[in-house]
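Two complexes follow with subunit A in common, the first pairing it with subunit B and the second with subunit C.
Presenting the complex of A and B:
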């Protein structure tokens, strides 16, 4: 099966890295995968195509934006792939009722916006998959892991980059400030003199995007550069998807956070898996059940919930113990979430 | 036949007038007619629908990219009507290799974001039946279908004889016919032709009457065209002032025919691209609805083929002013050509004829019903 993804492709965010893995693994199973569009010079390994006739099925992958290709391209796409040959992949929980978590993060601003999304997605196709491990309530929706674990990307400690940080967070400041400010910063405050460098890699930790409200709600980008300065937290810009794991490997500990609405909807993201490829100790800001459901029982020890400061120090003081826990989790991920399985899952989900 | 017209309609531009005539003629012939989409508040006489359940044929009328509906209507349309029941009529020559003529073009990415191959693929994806309003389309996979037509019922004033027409035309005073020459249409790829005509008209201006341009962007080159470097929307306000040309903004489609009757003479121009492609436009036919003498600024072969041989009398030679002066002196000859041309158009280019042609091209036998 030849599968064409229609998606917003970005080197430093989104699902591009996952699709790159599908491109790599799919031929082994007799399939091919490409993204609709023209090649990007700085990611030559990504396969793009505008020859829609070369494909059997199309996957419309939506994140938090109702991504559209150019109008005439849309005509070609819809006329070439009739409704039964389209799969909708909802990675950000947009095909749901309006969900507002703690009066803060949300999937839709209001019912009108939601209605626009629902109409668009339902008009595109009958089959909608969500990248969640929860059982979807809507019978039209199926759950699909989609993101996968690629053991080949694990960083060998012997080849890992020097440890520049004790604690690192890799991810954009997109609906994460509430958790960071309420749980992480107070813990850093307590132990700041006992740990080395702390870093946040990603966009918008120093301030909101320059385009203002066009980029999204102001609340989503809230930050406190003064607090970061006071706590001697370094910030640096986002890295390309192929550098994420390497960057994570520059720290002894990586803190994993997820935006609240996706955590609430039990959506998976690529970072769930990338952080376990890195040469680091991932500490997970997830509920216990949630972490266990994805990572297995071993992950209990990696949960960063309550006693954050103590846990950080413990991980720094007992790295060998935590590394053995990480190995247990990696075995679980390899067995459950290999891209070989994910490719089969994707092909099986395709409408016949 | 239940015919669905798929296009964007705007009371001020493009083919909205022809769309109205298709609807009216179709209904008179007993067909069920609708435009795809939700009702347009400024076009109350057009029936709109999003119900695709009974459509026999969807006619995609393509000029600009937004003639294809936006989502969700686009997906519903393409999923709801099989390809073999869709036909595309390409009114702006999009389904051709990229053509550049003077400043004119059929594809320009910086204007609408689309390359030539995107137009080609989109049109091919929609239908295997592709039509263009030319008697001789360039591509072998395109068939001739003029789409626009002549509606004898829309003629503003009917005359039994050329003498009667000429007498009425000559007798009209300034209150009824304040202009000598009028062109109604937007400033889009026509300036060179308009300028040449106006410069030639200079010597006849006092004798025949003031010239008037009605349409968008004649008064000045628009900022967006300057910023984007789009040529073909040139104008020369100083020259227009020197030639005493009156300039007005565009008018709604349903005011055009009446407005044309305010001038003794009305030129018919086709933009360079359309001249090359041999395309007709709405104005090709609509000008003959008006109570005026058309001046056909078109190639003689085209005039003969579309309007019939009598219309050659309405084609000026090299000296346009001399042509107009002669018409002023001997109007009956020219009105005779107009009446003969109207008869030719009624016979060969009626909307009933167009329905017949479309049915044959689409492989559908038009089911006529009782006129409503």
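Presenting the complex of A and C:
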């Protein structure tokens, strides 16, 4: 099966990296995967194509934007792939009722916005998959892991980059501030003199995007550069997807957060898996059940919930113990979420 | 039958008047015509995004096609509204061809652009038509699309004409033909009266025209020197009324359209107005479209200026030729005739 993804592709976002893994693994199973578009010089390993006739199925992958290609390109696309050959992949929980978590993060601003999404997705196709491990309530929707764990990307400690940080967070400041400010910063305050460098890698930790409200709700980008300065937290810009794991490996501990609405909807993201490829100790800001559902029982020890400061210090003081926990989780992930399995899952989900 | 036309129109360009004719004819013979898109009072046409009950979708493709002003779901809805065999593509600008360049005009700059356009049309339908008697590609059939509507006819009365000559049309690739007309006028300028060019870009270029690689070239100093007035574009409902203000109107096509033997809105609008059309067109084409007698209305060669003077001095003589054209057009190119032909195509 030859599968074409129609998606907003960004070098510093998770879905692009996941699709790159599909491109790599699919041929082993007799399939091929490409993204609709023209090649991008800085990511030569990504396969792009505009020859839609070379494909038998199309996946429309939507994140938090109703991405579309140019209207006349769309004509060719729609005619080439009749409805039964289209799969819609909803990675950000947009095909749902309006969900507002703790009066803060949300999938849709209001019912009108939701209605626009629902109409768009339902007009485009009949089959919708969400990247969640929860059972979707809507019978039209199926759950699909989609993101996978690639053991080949595990960083060998012997070849890992030098540890620049004790604690690192890799991810954009997109609906993260509430959790970071309420749970992490007070913990850092308590133990700041006992740990080395702390870093946040990603967009918007120093301030909101320059395009203002056009980029999204102001609340989503809230930050406090003064607090970061006071706590001697370094920030640096986002890295390309192929450098994420390497960057995570520059720290002894990586803190994993997820935007609240996706956590609430039990959506998976690529970061769930990348952080376990890195040469680091991932500490997870997830509920226990949630973490166990994805990572298995071993992950309980990696949960960063209550007693954050103590947990951080413990991980720094007993790295060997935590490394053995990480190895247990890796085995679980390899068994359950390999891209070989994900490719099969994707192909099986494609309308026949 | 409910026919939905897809035509991203402009108030002062394209085929809007034709579509009004189709809508009126449809009501008269028991069909229904709507246009796909959000309603716009300026167009005075039944625009709607409601496709329920559609029996056929007719894509009228012109240069405006990529300028979509509907919403994100237009194409999805349109493709699902009717099955493929009930879709018709009318390629009004000759874009469904290999790249062609003629007289500085062109349909595509690159092979890729031509291929893309071909893919778009092929994706929509097997029924692809062009408004020419001689399409170049084997899978394309002739359908002249533009109509002659006898309700447009104005009396051929030349007593009080405000202008000697008017041309209604935008500047796009028109200078080649128009400059020939003006050179002929220049030789007899004092006998022609007021001369006006009506449309975008004759008086001063619009901002975007400076980026268009000379498509809209006009020698405005020359226009001033020979006393030609440049007037702004008029809405499509006022086209025939404006044409009507002059004793004669030149019929000038884009070079590409000439080369492809296309008909345009103006092919049919000009004879309906109370004016004498003078053709800057290939003689064989004029005979085929306008009839044998229309050869007298061809403006070419060394003696073009003499023809202009003769038309101004003896408009009644030429009016008889126009009357014969009207009679023929009324029979063969009426909205009803076109609509019947279109319905047959749809039902094939």
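Assume the second predicted complex is superposed on the first by the 351 of 352 C-alpha atoms of A that agree within 3 Å, B and C clash if a C-alpha of one lies under 4 Å from a C-alpha of the other, contacts with A are read in each partner's own complex, and residues count from 1 in each chain.
Note that in this section a residue touches a chain if its C-beta (ideal position, glycine included) is under 8 Å from a C-beta of that chain, and two chains touch if they have at least 3 such contacts.
In this text, all values refer to a predicted model and were calculated from it rather than measured experimentally.
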Should the pairing of subunit B and subunit C on subunit A count as a clash or a fit in the superposition? clash
With both complexes overlaid on chain A, does A:196 touch subunit B (first), subunit C (second), both or neither? neither
For A:123, is the partner it touches subunit B (first), subunit C (second), both, or none of the two (neither)? both
Quick check on the superposed pair: does A:207 touch subunit B, subunit C, both, or neither? Answer first, second, both or neither. neither
On subunit A, what residues does subunit B touch that subunit C touches as well? 68, 70-72, 74-76, 78-80, 83, 119-120, 123-124
Under the stated contact criterion, what part of subunit C meets subunit A in this complex? 65-66, 68, 72-77, 79-80, 116, 119-120, 123-124
Touch list for subunit B against partner subunit A, complex: 65-66, 68, 70-72, 74-76, 78-79, 83, 113-114, 118-119, 121-122, 125-126
Which residues of subunit A touch subunit C in their complex? 66, 68, 70-72, 74-76, 78-80, 83, 119-120, 123-124
What does subunit A use to touch subunit B in their complex? 68, 70-76, 78-80, 82-83, 119-120, 123-124
